[in-house]
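After this come two complexes, each holding chain A, first together with chain B and then together with chain C.
Up next is the complex of A and B:
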């Protein structure tokens, strides 16, 4: 099992957060802390790059809904990028695609933030 | 059975149920475990031993299934108990975070379990659909949402401090359960 890693970079006013490894109840507090810090800094446009993620737990996904909601209240959003097929099946099965937008490329995700 | 095959295998001896988890415990393989446990509880089994020696981790839904078994066993002042054995430091932390260490009898890795030796490997049976090989295909969305909601409600019953941790998820699941038509072929 890979260790969970988080890397962050800025694309203009959008924060790209690259996730690697397993996002489970054990590792989620690290992401939660990072997202809370970004919100405190007034950064509400977030993309989570999931391409290197090998697992995501149900509670983690549920909590992301809450973060997306908070971001939208401040004219931002939290979007998922490059979700591996195995994880996408779970996201779709649980109905999270109705509340979390998923993009296949960074360009389309960034462009979606620019739409009025 | 190969002890490294991922999934959930079970054994019953009298009123004692033995459960071995290899790999991850998730919302997917939590469903067959719940079905099996309910059947065993119905037969009067009152001691559940869960071996986490080869368990890489558990999601909250799976932990909610274990909590549900523990709550059922503790109803009405019964002496029934769920014993989790060979628990790694990482899994102990998960149990403690959710307050389940107070509902379960938790035995850490390395503690002497000679008085509760597990039956031999060959006597275990793998639960169907517990190996996580594309199980999402067979899952019904509404049944899954109902199952997850019940599991997280169990976690809140086990420790009310869990309520805020899962409020976004449970709100979403409640709305989802209300939104969708019932399964035409619900699972037993």
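Up next is the complex of A and C:
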């Protein structure tokens, strides 16, 4: 059980946010604050690297949808990267993959932002 | 198990009792207890993940809604804790989650279809729908003696 951690780096105009630990209703406000700051800076192209996540609750998933919606309204998006299989099965089963795009590699995720 | 000192776990011959502060910091510890137990009982990992999420949604609702600081709790004189009683019967795992917080009109609540909410990109309101989707039985009761209790049941399906 890892503590929740967030790291951020830029890949050109895309922000890569690496998450570690559990994204639940307790930890989510920290990510929410970081995403709001990025939006205030006009950065709407976001990739969330989930490879080190061990849990995502509905509070986190629902809020990510809200952020993806806001990002798309500004010609950006919020995409998920390297979602662990255990989490992916739940996210897909619930239907969140119908609106949140998930990629297995950084390269394909970055390329998807560049498509017209 | 590496739990915080505030999390109290007791085991009798047939039941596991967990008492934790009604605070978000308790959630990951509760999930650890639940997932460990569900694996011991024999659920496959896909079902363990569903049980984990259903219990987390129930406990998150307690923290976010029942004990929301802006609301009047139903029983302010009692500890704002979350109490879990977990046991198995022949073919099922039964998890009861109790609190002393604000009552909820569970019977009247209609969360709607999860996929419809997702397609509409709604950011909240998934918790109870997820509990109903992932567990075989979900019941809620509230009374002055025991507070609010949500009862989650998952059947062990033998293949």
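Everything below uses one rule, namely that the second predicted complex is superposed on the first by the 116 of 116 C-alpha atoms of A that agree within 3 Å, B and C clash if a C-alpha of one lies under 4 Å from a C-alpha of the other, contacts with A are read in each partner's own complex, and residues count from 1 in each chain.
Heads up, the rule we're going with is that a contact is a pair of C-beta atoms (placed from the backbone, for glycine too) under 8 Å apart; a residue touches a chain by one contact, two chains touch by 3 or more.
Bear in mind the structure is a predicted one, so any value in this text is a computation, not a measurement.
*Asks:* Would chain B and chain C fit next to each other on chain A once aligned, or clash?
*Replies:* By the criteria stated at the top, chain C and chain B clash after superposition.
*Asks:* Give one of first, second, both or neither to describe whether A:58 is in contact with chain B, with chain C, with both, or with none.
*Replies:* both
*Asks:* Return first, second, both or neither, reflecting whether A:89 touches chain B, chain C, both chains, or no partner chain.
*Replies:* So A:89 meets both chain B and chain C here.
*Asks:* Answer with first, second, both or neither: which of chain B and chain C does A:24 touch in the superposed model?
*Replies:* Touch status of A:24: both partners.
*Asks:* Can you pull the chain A residues that chain B and chain C both touch?
*Replies:* Touching chain B in the first complex and chain C in the second, residues 1, 22, 24-26, 55, 57-59, 61-63, 65-66, 69, 89-90, 94-96, 99 of chain A appear in both lists.
*Asks:* Can you tell me which positions in chain A touch chain B when the two form their complex?
*Replies:* It is residues 1, 22, 24-26, 55, 57-59, 61-63, 65-66, 69, 89-90, 93-96, 99 of chain A that touch chain B.
*Asks:* Residues of chain C touching chain A in their complex?
*Replies:* The touching residues are 2, 23-25, 27-28, 31-32, 45-46, 49-50, 52-53, 56-57, 60, 63-64, 114-115, 118-119, 121-127, 130, 133.
*Asks:* Would you tell me which residues of chain B are touching chain A in their complex?
*Replies:* 24, 26-27, 56-61, 63, 90, 93-94, 97, 136, 139, 141, 144-145, 148, 152, 165-170, 172-173, 176
*Asks:* Where on chain A does chain C make contact in their complex?
*Replies:* Of all residues in chain A, those touching chain C are 1, 22, 24-27, 55, 57-59, 61-63, 65-66, 68-69, 86-87, 89-90, 94-96, 98-99.
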